[in-house]
Amino acid sequence: MKLELLPDTLAPGPGPGPGPGPAPALAPTPTARPRPRTRREGGTLTCEGVSVAFGPTVVLDDVSLDLRAGEVHVLIGPNGAGKTTLANVISGHVVAQSGTVTLNGRFLAGRPHARARRGLGRKFQIPRVFPRLTVREQLELAAPRADIGPLRTQLDEVGDVPGEELSHGWRQWVELQMVLLQRPSVIVLDEPTAGMPRSDRGRLAERLEAVAHGTFLVVEHDLDFVARVADRVSFMHNGRLVRTGTFDEVTDDPVVRSAYLGTSAHGR
Amino acid sequence: MAVDLAARPVFAADALATADPAALELELDVLRDGVPVVRASRLRLAPGDAVGLVGRNGVGKTSLIEGVMGLLPTRGRLRSFGVDMSAWPAHRRAAHGLALVPQGRRLFPDLTVAENLRVAQVNPPADGPRFDVMELFPNLRALERRQAGVLSGGQQQQVAIARALLRRPQVLLLDEPTEGLAPSIVEEVVAALDALREGGLTLLLAEQRIDVVDRLCDDVALMRGGEIVAAGAAGSPEIRELLLAL
Amino acid sequence: MLVQVLGQGLSVGAVLALSALGLTVIYGVMGVVNLAHGEFVMLGAYSMAILSGPLGPWLAIALSPLIVGAIGLVVDRGLIRWLYQNPVKSMLGTFGLGIVIRQLVLIAEGPGLRYVDLPVTSAVTILGEQLPVWRLVLIVLAVVTGIAVALWLSRSAAGLKVRIATVDADVASTLGTNVSRVNALAFALGTGLAGLAGALVAPLGSVYPNMGVSYLVGAFLVVILAGLGSIRNALLWAAGVGLVTAAVAVPEDDVLAQVVVWSLALVIVATRRQTVVASRV
Amino acid sequence: MTVHLRKLRFPATTAAALLAIALVPAVLSEFSVGLIAQWLPLVVLAISLDLLWGENRIISFGHGAFFAGGGYVAGLLLRGPQSDTTGANYALLGEGSGRSTFDALVDALSSPQIAGIPLLAFVLPVVLCGLVGLLVGFVIFRIGSVEIYAPLVTLGVGVIAATVFLKLPAIGGSNGLSGIPPYVGGGPTSVYWFTAAWLLVIYLAYAAFRRSRAGRRWRAAGDDPIRLDALGADTRRLRAIGFAASTALAGLAGALYVGVAGFMSADVAGVLFSVQALIWLAVGGPGSLFAPLVGVLAVQLGQHELSEQLQETWQLLLGVLLIAVVLGAPRGLTGLASSGAAAVQRLFSRSPHLDG
Amino acid sequence: GSSESGDATAAGSTTAATGSNDAIKVGVLFSLSGNLSIAETSMKNATLLAIDEINARGGVGGRKLEPVVEDYASDFGVVVQKARKLVEQDRVAATIGCYASASRKAVLPVFEQGGGVLLYPTFYEGLECSTNVIYTSLVAAQHLTDATNWMVRNAGKKIYMVGSDYVGPQTYNAIVKKLAEAQGATVVENRFFPLDQTEFGSALSAIRAARPDLIWNTIVGAGIPAFLKQYQAAGFTPETTPIFSGICTEQELAAVGGAAAKGHYFPASYFATTDTPDNRSFVKRYQAKYGADQPANMPMQASYTSALLLAAAIEKAGEAAPQAILEAFPGVSATAPGEGTVTVQDNHHTTHTVALGQANGRALYDVVETFAPREPDPFPASVVAASKIPTCPRRETS
């Protein structure tokens, strides 16, 4: 007998029950989380007509995006759609040919550190940690006064391990914590759940909900997670931002289904 | 609860087939800086088997896989198709049919995509099943002349998978191969690997996405603290319970 | 004047290119900053000095790179292979290696200057300017060698293996590449090129145990400007450095030329835009 | 037990080092004391390199230039007005080209009004070397791949400095600047105390820095500048300033050196001396607090004791030693010592944990 | 330091200065490793040869000379340490040593402040007359005056000058220029190269364009063979454009090779080929001890002579105290092999007989003209303003 997932651990909804039956769905059947959530504070971020090309390759084509204060906005899209590049434009790691980015009503410009100081947090797609600092030191470096009490169980496990000896998943975790502890007003997370075990994804989702102050732009491929955290979802394709809406609206779009979800959409 | 592993090869069902040489049979400690980070792990994979290696972060999945490939020093036994490889360097294991999709992609960033794929073929490939990677990842064709280092994460992951398949392995080791892939690509990769299994390819797959494990693997080995603490058929209730608790 | 600067600049560039080629291969491809590179040039010059008497200059030139490459092979197995992709460690290790080679030569051959006959002493007149034939030989050989090495690295299967073997030895070996063999080959190639440079400059320069330093510094200048691992750029920048040097040195003087060239190099490096790959995060 | 040993190690080594410093004049001959006094500024130079290499992964092939520059400035100030140096004599032979602004500058430095103020002989080298270092630092950190380009750019700085220093008759040209009096009278022993006191102050400051939050940030800047940037630190500026601090310290080392050796020559600016300084550190073990001291003393002592007897073989031995350190003890002598200490510690504690 | 004398007894704790019957310690300070060791090893050897011979004849005033050999490894920081050791710790009676001017300049304060004696056996640029140094070889004006006159008279009036970019060659060239111009010659260019430069194509292009009658050359060390060979490769010949070198002894010539060096000139107070019985014997004794592949040359002979001069000065002083030796030196003579009598003057420099050599096909110099003996003049009035000429000797450092 094959193992099956129990979707009801993620969200209530219809689905095949446990026990023998038809071949189980490969992907879970994600459903948007119940809303509305209590509104929270957070920064605002606007991208206006952002275009990026590397030589002849156009990577972003006139992308506009508007993050509302306090929301969790998820970017989805096929590989190479330009999601990371958009994140890079926002954080200052890529210079756009045209277009503007506004943070909390003021133009955002300059090198990455200047943007970080204005309250922009960023987690990279390939996890980056400081190889020679221990996990505890890294967190302290990121936010000297932050309360690391809630992380005690994890720190008991890896607190004194230097970054270079962390496993891949732990690196993801450490980088994520560094960013969150800084309490930025707008936080860009590039594939935060990559390499995380299932329960940790759930915990991360809870954490994002619990953050008292902050607006999130999350790039993700884990639809399960997206369904759970997203207030709004934007779909990118070939360097364009094609569609924005709720999770259900976007994932029901036939273009999104054929270009991104593939057969996993059949289960819906 | 957890299946007791101490006394016998992990998968009892395969014990019947011991007359046939296993595609991969191991009983290993894997060392980092002289310290065993993986201990006494036993696995036996018959040709065409697919085993999922699951566990929380830092339990030793990558270490075990790299130990099998020959990238980390090991103690113990490792046989593939009747040949003892435990003292072999990685390139000999590769020539004998092992291939790896490493965690974190690890492409050659300054080489083009085409060159990254060509490097898999400059050494004589093993004689596992043939596979047309360009059919699996048609969008790579347009990227062939681009430097691999500038590709998006998911594109890189596709190149890494393609590169390993081009080795025509008999035993494919995959370390979180779906990381960063769009859902439709995950679908296609899973389907392709499934098809290759039909052709006799043996899979050892470390994966956090249990839906992928579920779809692809007959058996699952759960690791904790550097040891395989439970193993069994993917569908068995005990294993299922453990997976959901991950 | 123009012809003078051209002829002189290209021949200076040829010597630079020859000594920079091997360094580029070893540095750019293997990630080893070979501070003993000058010593391999010196070994080439000594092998020329020793062999050109009994064997004649041409055979000696052909054999020197092979001999030095063979020494490089031994050195790679004994030392360099522990230093791949670790620029810092490799600098120290190869600096130690440089001292060892120098002192061994000094003990074996004495500290004195060695004498090497010019294989061709005649000069030709081009556009009213006399150019020593030997310098023309240098220019031609530098260009031919550079192109050959560049083609080998980019086109051949062995070249491809060389390019991946040290970037990520683990992955390269999972692809079936015998990394240690390939690395040894690459290091032997790099040192063999240094040996060729040494053999070719020996008749024009001075052969003594400490001669390597100036070749090392010149080769580094070219590598700074050309960036890592690009043979074509190394050739072009070597020519560029040679021409600027000559343009200052012919009418003015060589000390000024040295200062001008290095200052220009720093300015160029300082104002250069970052490479795209490096900025990908 | 285990915890105790670990906690004790740092103060114990410090105390041992202090004791050794204090004992030198008591047990050694006056000549040896003078000799060791001449090595102490080299330790300061090694610290300045460790600040870059050990803590920030930057290799400099140009610190000799700053050491020499600091030494020249301090030397001119200390020596005061003098008409009969080689440089001045050589100027007699000048071909009527007149005096350059540089000559005027040198004269100003050695004029009676400002020369002889020992404090200035420390301040000026530090300021000048720091400023030049800042400029060079900004160049280096504008380029990507700092680990690869920093050595090359600093190499260029060293080459230019060595060439220029040789060209300047006013500071003795190739003959060097000699006849520089010490900062303090009273023979080698008081010079030793003076230099040792400086070294101690610098060492304490360095140790404090390494343990401070700024020190941790500095290490992080070398480890992953992009990550640190994204946390809101201007890593490029931070590293340029750190580089300048290091060159300023190298200038200070040069200023101390001329006060002991009485002499500065242009080859010190060159690549070979800079590499020699890296060797001290490599032998000591970059990144470890005591590496500069241990490395300088070990190599210099070896050089002094063995070079006469072994001559060429000594150099050979030095090369072999360097290779041995790189291969066998990548964390240098201090690394060897601490793994030795760890081994001893293991004897006292129970079997090591395998997990974690 | 190591004692190297063949039969010197082990020295007691008594210092030389106490005037006991123990051996007299003599410092021997040269680079025996590093790039300067090429020249300086043979200078050390010649010094030790002389000391051995003096001891074999019974020493000085019944006391043996005991050499204390120090290697400063071509490092001008180390040379200071070693000089200190000799003066302050070993308390040697005198030291024979140093080759490059930079090393002498570096140790000057040590000798002046410590009251030591340095015999400097290298021909040099002058502009110095330290109270504590005895300059036993040629000084620039003494070395170059007659040779320059000969050159202008016999080779032509249009001169192209090249040299290494440091103080010695610069001073040499400045003096030759003044001397030549006084003879009606013109210097079309005076060009310097970085010390380790071995690439002279640009200069040779410029020289061809300038069409000089002759080249005056003070390139040193490794540059010499490169310069001469590239000159040959560029099609120059000594018949049309001879090279007169200021700093090119037989040692450097050997590396140039007979063919490339043939026909060029060098003035010196000693040549290996000098065919006198005492020189033949000197070369034979030297080669018997240190090997037949060592060509004799001027600094080597001057090192040998220095030991002879030192012995004579100690003899004259009657004691081995440095101050007494210094005071005894003016007027002391010795017979220099292949040259004749040389005498230390009041200005601490030494009289010499200079000859002009022309390189033959065996990389040795044949003497083409021997000039009259010349007094040493460290501050030649031709180049130094009268008001700046100091009284010699004097303290050079404060």
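A, B, C, D and E are the chain letters, set down in written order, and residue numbers restart from 1 in every chain.
Please note the rule applied: a residue touches a chain if its C-beta (ideal position, glycine included) is under 8 Å from a C-beta of that chain, and two chains touch if they have at least 3 such contacts.
Every value quoted in this text rests on a predicted model; they were computed, and no experiment measured them.
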Statement: Note: of the two pairs A-D and C-D, more contacts are counted for C-D
- request: Could you work out which chain's C-alpha centre is the most distant one from the centre of subunit B?
  value: E
Message: Based on mean C-alpha positions, I'd like to know which chain lies farthest from subunit C.
response: A
Whole-Å gap separating subunit A and subunit C, where each centre is the average of the chain's CA atoms: 49
Query: Roughly how many whole angstrom separate the Cα centroids of subunit B and subunit D?
result: 51
Task: Would you kindly tell me how far, in whole Å, the mean C-alpha position of subunit E lies from that of subunit A?
output: 78
Statement: Distance in whole angstrom between the CA centres of subunit A and subunit B is 27
Statement: Multi-chain touching residues of subunit E, meaning two or more other chains, are 34, 37, 165, 194
Task: Find every residue in subunit B that makes contact with two or more other chains and list them.
output: 150
Field: Residue list for subunit C, restricted to those that touch at least two other chains
entry: 213, 255, 258, 276, 279, 281
Task: Over in the complex, which subunit C residues touch subunit E? Could you list them?
output: 1, 4, 7-8, 11-12, 15, 111-118, 121-123, 129-130, 132, 134-135, 203-208, 210-211, 213-214, 245-246, 249-251, 253-255, 257-258
Query: Can you list the subunit E residues touching subunit C in their complex?
result: 34-35, 37-38, 41, 165, 191-194, 196-199, 201-203, 205-206, 208-209, 222-226, 229-230, 232-235, 251-252, 254-257, 259-260
Message: Show me the residue ranges of subunit E that touch subunit D in the complex, using the header's touch definition.
response: 1-2, 32-34, 37, 69-71, 73, 76-78, 80-81, 84-85, 88-89, 101-102, 105-106, 108-110, 127-128, 165-168, 170-171, 174-175, 190, 194-195, 383-385, 388, 390, 394, 396-398
- prompt: Which subunit A residues qualify as touching subunit B in the complex?
  reply: 1-6, 9, 24-28, 54, 57, 77-81, 83-85, 125-126, 157-158, 166-170, 172-173, 191, 194-200, 221-223, 259-264
Task: Going by the contact rule at the top, pick out the subunit D residues touching subunit A in the complex.
output: 213, 216-217, 219-220, 223-224, 226-236, 356
